[in-house]
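Contents: one structure, followed by commentary.
Naming follows writing order (A, B, C and D), and every chain is counted from residue 1.
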Amino acid sequence: MTPRQARGPLRVAMIGYGFMGAAHSVGWRQAPHVFDLPEDVEMAVLVGRNADAVAQAAAHWGWAESATDWREVIARDDIDIVDIVTPGDSHAEIAIAALDAGKHVLCEKPLANSVEEAEAMAAAAERAARGGAKAMVGFTYRRVPAVTFLRDLIAEGVVGRVQQVRAAYRQDWLVDPEMPLAWRLQKEHAGSGALGDIGAHIIDMTQFVTGETVDAVSGTLETIVKQRPLLGSGSGLTGTAAEGYGDVTVDDAALFTGRLSGGALVSFEATRFATGRKNALTIEVSGDKGALAFDLEDLNSLRFYDRTAPADRQGFTKILVTEAQHPYVAAWWPPGHMLGYEHGFTHQVVDLVAAIHDGTDPHPSFDEGLSVQRVLSAVEASAAKDSSWVRVGADVLEVGR
Amino acid sequence: MTPRQARGPLRVAMIGYGFMGAAHSVGWRQAPHVFDLPEDVEMAVLVGRNADAVAQAAAHWGWAESATDWREVIARDDIDIVDIVTPGDSHAEIAIAALDAGKHVLCEKPLANSVEEAEAMAAAAERAARGGAKAMVGFTYRRVPAVTFLRDLIAEGVVGRVQQVRAAYRQDWLVDPEMPLAWRLQKEHAGSGALGDIGAHIIDMTQFVTGETVDAVSGTLETIVKQRPLLGSGSGLTGTAAEGYGDVTVDDAALFTGRLSGGALVSFEATRFATGRKNALTIEVSGDKGALAFDLEDLNSLRFYDRTAPADRQGFTKILVTEAQHPYVAAWWPPGHMLGYEHGFTHQVVDLVAAIHDGTDPHPSFDEGLSVQRVLSAVEASAAKDSSWVRVGADVLEVGR
Amino acid sequence: MTPRQARGPLRVAMIGYGFMGAAHSVGWRQAPHVFDLPEDVEMAVLVGRNADAVAQAAAHWGWAESATDWREVIARDDIDIVDIVTPGDSHAEIAIAALDAGKHVLCEKPLANSVEEAEAMAAAAERAARGGAKAMVGFTYRRVPAVTFLRDLIAEGVVGRVQQVRAAYRQDWLVDPEMPLAWRLQKEHAGSGALGDIGAHIIDMTQFVTGETVDAVSGTLETIVKQRPLLGSGSGLTGTAAEGYGDVTVDDAALFTGRLSGGALVSFEATRFATGRKNALTIEVSGDKGALAFDLEDLNSLRFYDRTAPADRQGFTKILVTEAQHPYVAAWWPPGHMLGYEHGFTHQVVDLVAAIHDGTDPHPSFDEGLSVQRVLSAVEASAAKDSSWVRVGADVLEVGR
Amino acid sequence: MTPRQARGPLRVAMIGYGFMGAAHSVGWRQAPHVFDLPEDVEMAVLVGRNADAVAQAAAHWGWAESATDWREVIARDDIDIVDIVTPGDSHAEIAIAALDAGKHVLCEKPLANSVEEAEAMAAAAERAARGGAKAMVGFTYRRVPAVTFLRDLIAEGVVGRVQQVRAAYRQDWLVDPEMPLAWRLQKEHAGSGALGDIGAHIIDMTQFVTGETVDAVSGTLETIVKQRPLLGSGSGLTGTAAEGYGDVTVDDAALFTGRLSGGALVSFEATRFATGRKNALTIEVSGDKGALAFDLEDLNSLRFYDRTAPADRQGFTKILVTEAQHPYVAAWWPPGHMLGYEHGFTHQVVDLVAAIHDGTDPHPSFDEGLSVQRVLSAVEASAAKDSSWVRVGADVLEVGR
């Protein structure tokens, strides 16, 4: 590991400016003022296709400049880090170009829309690493303090041998059948539905906290509402409806069972039809010595069950992960003062800058992002094969991807 | 302690047959068939003033006979235990007569409607004890397994020195202003309102679990709805309304602070105006080594906070008090199988029979019941003195009691 | 429906006296004294193979007589109801004999150890019904007030169209690898493991509350601890260990996805390896108008989410199912007074006696029990076919069952 | 109301740089980039006594300059807003000077260390208002979206007539008896202990959400650990201990009952001895139509009980206050994405800037801050008078304040 030769602040270009752009901007804005970063960072350029819109976003979020051509920006000498928050179908092209240009890259999840793209990106990251460029995928939920701490506790052995895992990501914003047919619900644009978007999070989190890989899967994909109102003008999920209905071509619920490398079974659920559940990512790891559970809708705490405690005193302990001893917390507030959703984006910046400075490898790596992509692909393969088991990496499914 | 000379089953006469009669009947019916009692018990006679009604209740609840004159029943040679579930204003007379007749007595809480009565009862219990008769007050919440276990944990020292206690009993059945003016809301019949009825429970529980006494109090009594529809015909809380309104002459909320013998402050709340809280008796004991909390609406569990655990792992542990190691539980079901409200009445029978058999003193004793009565009286005295502090036992208040 | 011609009390013979015998005895003992039954019932005979042991159990639980030959008991003229709580492998023989003898039969779940047996039992129930005999399966969780109320709310339409269901039954008593190899862990005796024992409950509950059937399944069965200490002398789960280890031949976790007749997907999990979860039966039904959730470890409440409420006021309402308006509750205690595990067994008696008296058909019927058996069998068939989908009723799997 | 004549960005000077300085800095940094402010703001000057330390803090938090003399800074023409986050004993002097210099003032809570100071400050605010300067007190918990929404719901009438309130602020950082005798525990520096620091929050919140005032109080102040290790060198709560012990001269727990202007009783508890409770500000408002409850340790939600719902469907609804319809939320993230502690400081900036721009009066006003101060003073007066009732504003207690 070679520490970076300081040569001024790390200058960042962010490509894309949707919802994730807002969240990443908070991270870049807050990290230097809350944490003691070993390098200065500058929010240098925001890049988007529509010159007016991107200029307005840059001004609002605090980026020094805006630009419309990401290739030009990547070619600039004064840019050190490229942060990619565009939709998934452009990740591969931009990330590979940036890495080949010697830039450090932070790429939003999921890494890509296909295993092939993800493989190319991982290869690019490997090439670039030789020159010292870092590549990191944006699974920010890893950096919720309770999640990081949960991982640490498992690594320390408090749950013993992992014997069963439950991981779910439940939302409900598609329950309304009049929600229009946005691009996210069309396979040609989005690649996948609930599986790729939120299923990716629970696959990554499972692999992250257990330190194991999902090696095989059996799954079912479901489109509960099969036709939706066509979107007229406008974009995103809120445009005005045109006349008529069109087919939803991605899944809106994915149920699958995975086998971990250590042998344990994992039950996964990713759905947008869990009425009343807004952003309910939950995970529970059961081991022979204990159990740990986390719920993103209660993100400042985790539950720990210690089977080695006296029999009459066992139970799930609700640990408020707001103590100075907990990951990331000391830089924030006193005990019992809550953190929120976007703090993970600040921690992501902290960790990336530290890795660049120290010359270490940040996680999640592109290889880890690729690994998630392979599980997603195996789930699709299994779903296409009547839910029979598919070994991750062994599927050759190419159904329209 | 002199074990009882067995001479056949313990034959029980229960005097009164309202709501508490139903609950006590479950206790007498279940205890011999669920637990291994050292003596047989028989539900011999149910006593009430209305011959038809009491005969019907006896048949329904499984009492062998019914009777209308409690004095005659107490005089019978074949009655061993007298169980008193009448309204509080008759407790003293019946209990003293029964004890003087050499019967074991179980008396519902509160022990009496005044300190004077309670003193006379405690004196009777002391006299009767010389002849081997037992006297016990029906604070059954002591016998919820989680409460007994909470007490055991405190006695073991897990919370260390008790530094603060919060105890509340919250109901909401008086929120409706059209709830009629039943006898329970009239001082001449009920003696007291929320204070005496449900406040008594939290005073007893506080003294029970901490092993300390409430030595001084400062309190406020409040009648939130001051007039209610007059009750026409009918009885209880559900009779039909007559014309007009009458004054509510008891408190419907009592807020008071107590000082424990060990020095800690206790905040008490007894109310029937806690909208949405149905039977929410809660207690939390804070010590220098830990804390314990209980909620009757979640009665199969307690929360334990261990300050001696590693700093990053502290939190409230929800202990499901359904393990065979927990008090009373082994006789019931496997772990995770819940108990309910009336189980405490069964445990009460178990403990009373064991005390009679073993010749030991059951708790809560009449002295403990008297002690609660003195606290209630001190609260009333403080409320009448602009909430200034009153030493328990030192008040000479006689306002219409 | 022909009301029963009263001819004295309904006299009950219970066959078997393990854990379920204790629970059923509470039901028979309590029902007549808590509810107003339209017929009297008598706990007439307890039947078991070991004369001394069954006599002792009969005395303890309050059965008038004991006997060792169930055939003789079934043949008696003075027995009206046969209650079967033996292990599953004897259900079919006893229940068919009892029904053919014209007795009303209450049979513990699961109905049988195989589809073939269950079919024969359902046929016997149909024959017997012509003579007025009633047959009922003991899925008592249907009679937890919150579960009955949840079903009523769904029937009323509050969740709208059911779009997804999650049902899990999680215990942890097999996490300890030194738990010995009891008969329940051997296929030749138990037929099935977690699937048949606790999986049956969640299948029945799903079908009960939705009013739909599980029509197809894809599933995985898992034996997490594959060898356990041989059991020396003793029985049950607590005998002393012999030397050496033997193979566990049933599943200890079952993960499966089901398709309801109305189209919705259900994710099922039955496991004894959910560290820290003692008896955690949970179900959540998501519909286009709302959602309902229940947790057996919090059995006096349910959660209701109403999507038709104003957007800023939606949320899960925790309904305490202890109001007089709720099913079964009026006979018990005031609002906020909790019921426990065994109350369902009392309600079961109430409903069976009412059905006998009124000449109506009690639920769950043997056909419903058979339906659960067919789903269990389909899950095993799917697990044996690499988790591919199997239509319920269409499997021809005969692997050693 | 006169809108401000724009003349460039609003330039802010913040005086003080402890824990509150960090939180306020986040507010000033985030507000312009997350919300659409009607005026630009600039973090112009950070003021502190130690030149090096304040320069370092300014650089870290993003203030353009630093300075050591707050009088000079207040005198500068290019400063529009003075934000005061110093300890309470300097609030009056700075705030009055700033207001008299025509600056807008944001002053941390509690407004002052005495009623006299607070009165002078309120008078200064009134004078300054004539010239258009705004004055605001930093009770930021008002701006947690769930709290603002709770207030809105009460104003809308959903709880009906307020009949009882419970408000508590529980922490546990003084449970450790070896925590040293910092300035916060000495009356001459801190003025008050738990009462003034965290009790002030629950008084303000009660008045804010009910729209009523606390008119009379009866209270008890308690110092649970009466002596603590002397602090050697260092400051704050973490300096190194000198030899010996000194007296704690402020309360560490305050229990008091208040009477609202509408007649309802409020039970208040402010304590630093609630073992296991870290930052547990809770409030529950009970009315004749419903109830609302909030817990700061679960700050993204509130509980609403609707007594007007059908009897079998009532219960506490957990409303996740993360919908675009909820106060402040639309500027942040999608539903179910959590906010944290410091978001209230951002909302405070948003509201202050809006008030300055629109020429309206921001809340809480200095009069509201004074009102809290008067309640605090009345509690101290009551505690000194054996807990008898004291009318707010009528106390003449001058015990060493």
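Throughout what follows, contacts are C-beta pairs under 8 Å (C-beta built on N, C-alpha and C of every residue); 3 or more make two chains touch, one makes a residue touch a chain.
Everything numeric in this text was worked out from a predicted model, so none of it was measured.
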| message | Measuring between Cα centroids, what's the chain most distant from chain A? | response | B
| message | Applying the document's contact definition, name the chain pair with more C-beta pairs in contact, B-D or C-D. | response | B-D
| field | Interface numbering overlap (same over half, different under half) for chain B and chain C | value | same
| note | The distance between the C-alpha centres of chain C and chain D, rounded to whole Å, is 55
| Between chain B and chain C, what is the gap in Å from one C-alpha centre to the other? | 36
| Between chain B and chain D, what is the separation of their C-alpha centroids in Å? | 42
| remark: In chain A, the residues touching two or more other chains are 314-316, 320
| query | What residues of chain A sit close enough to touch chain B in their complex? | reply | 149, 301, 304, 311-320, 323, 325-326
| Residue numbers on chain D that touch chain A, as the complex places them | 19, 22-23, 25-26, 29-30, 33-34, 36, 60-62, 171, 173, 277-280, 296-300, 320, 322, 332-343
| field | Complex contacts: residues of chain B adjacent to chain D | value | 159, 163-164, 166, 172, 175, 177, 218, 220, 222, 224, 253, 255, 257, 264-265, 267, 269, 271, 273-276, 284, 286-288, 290-291, 305, 307, 314-316, 385-389
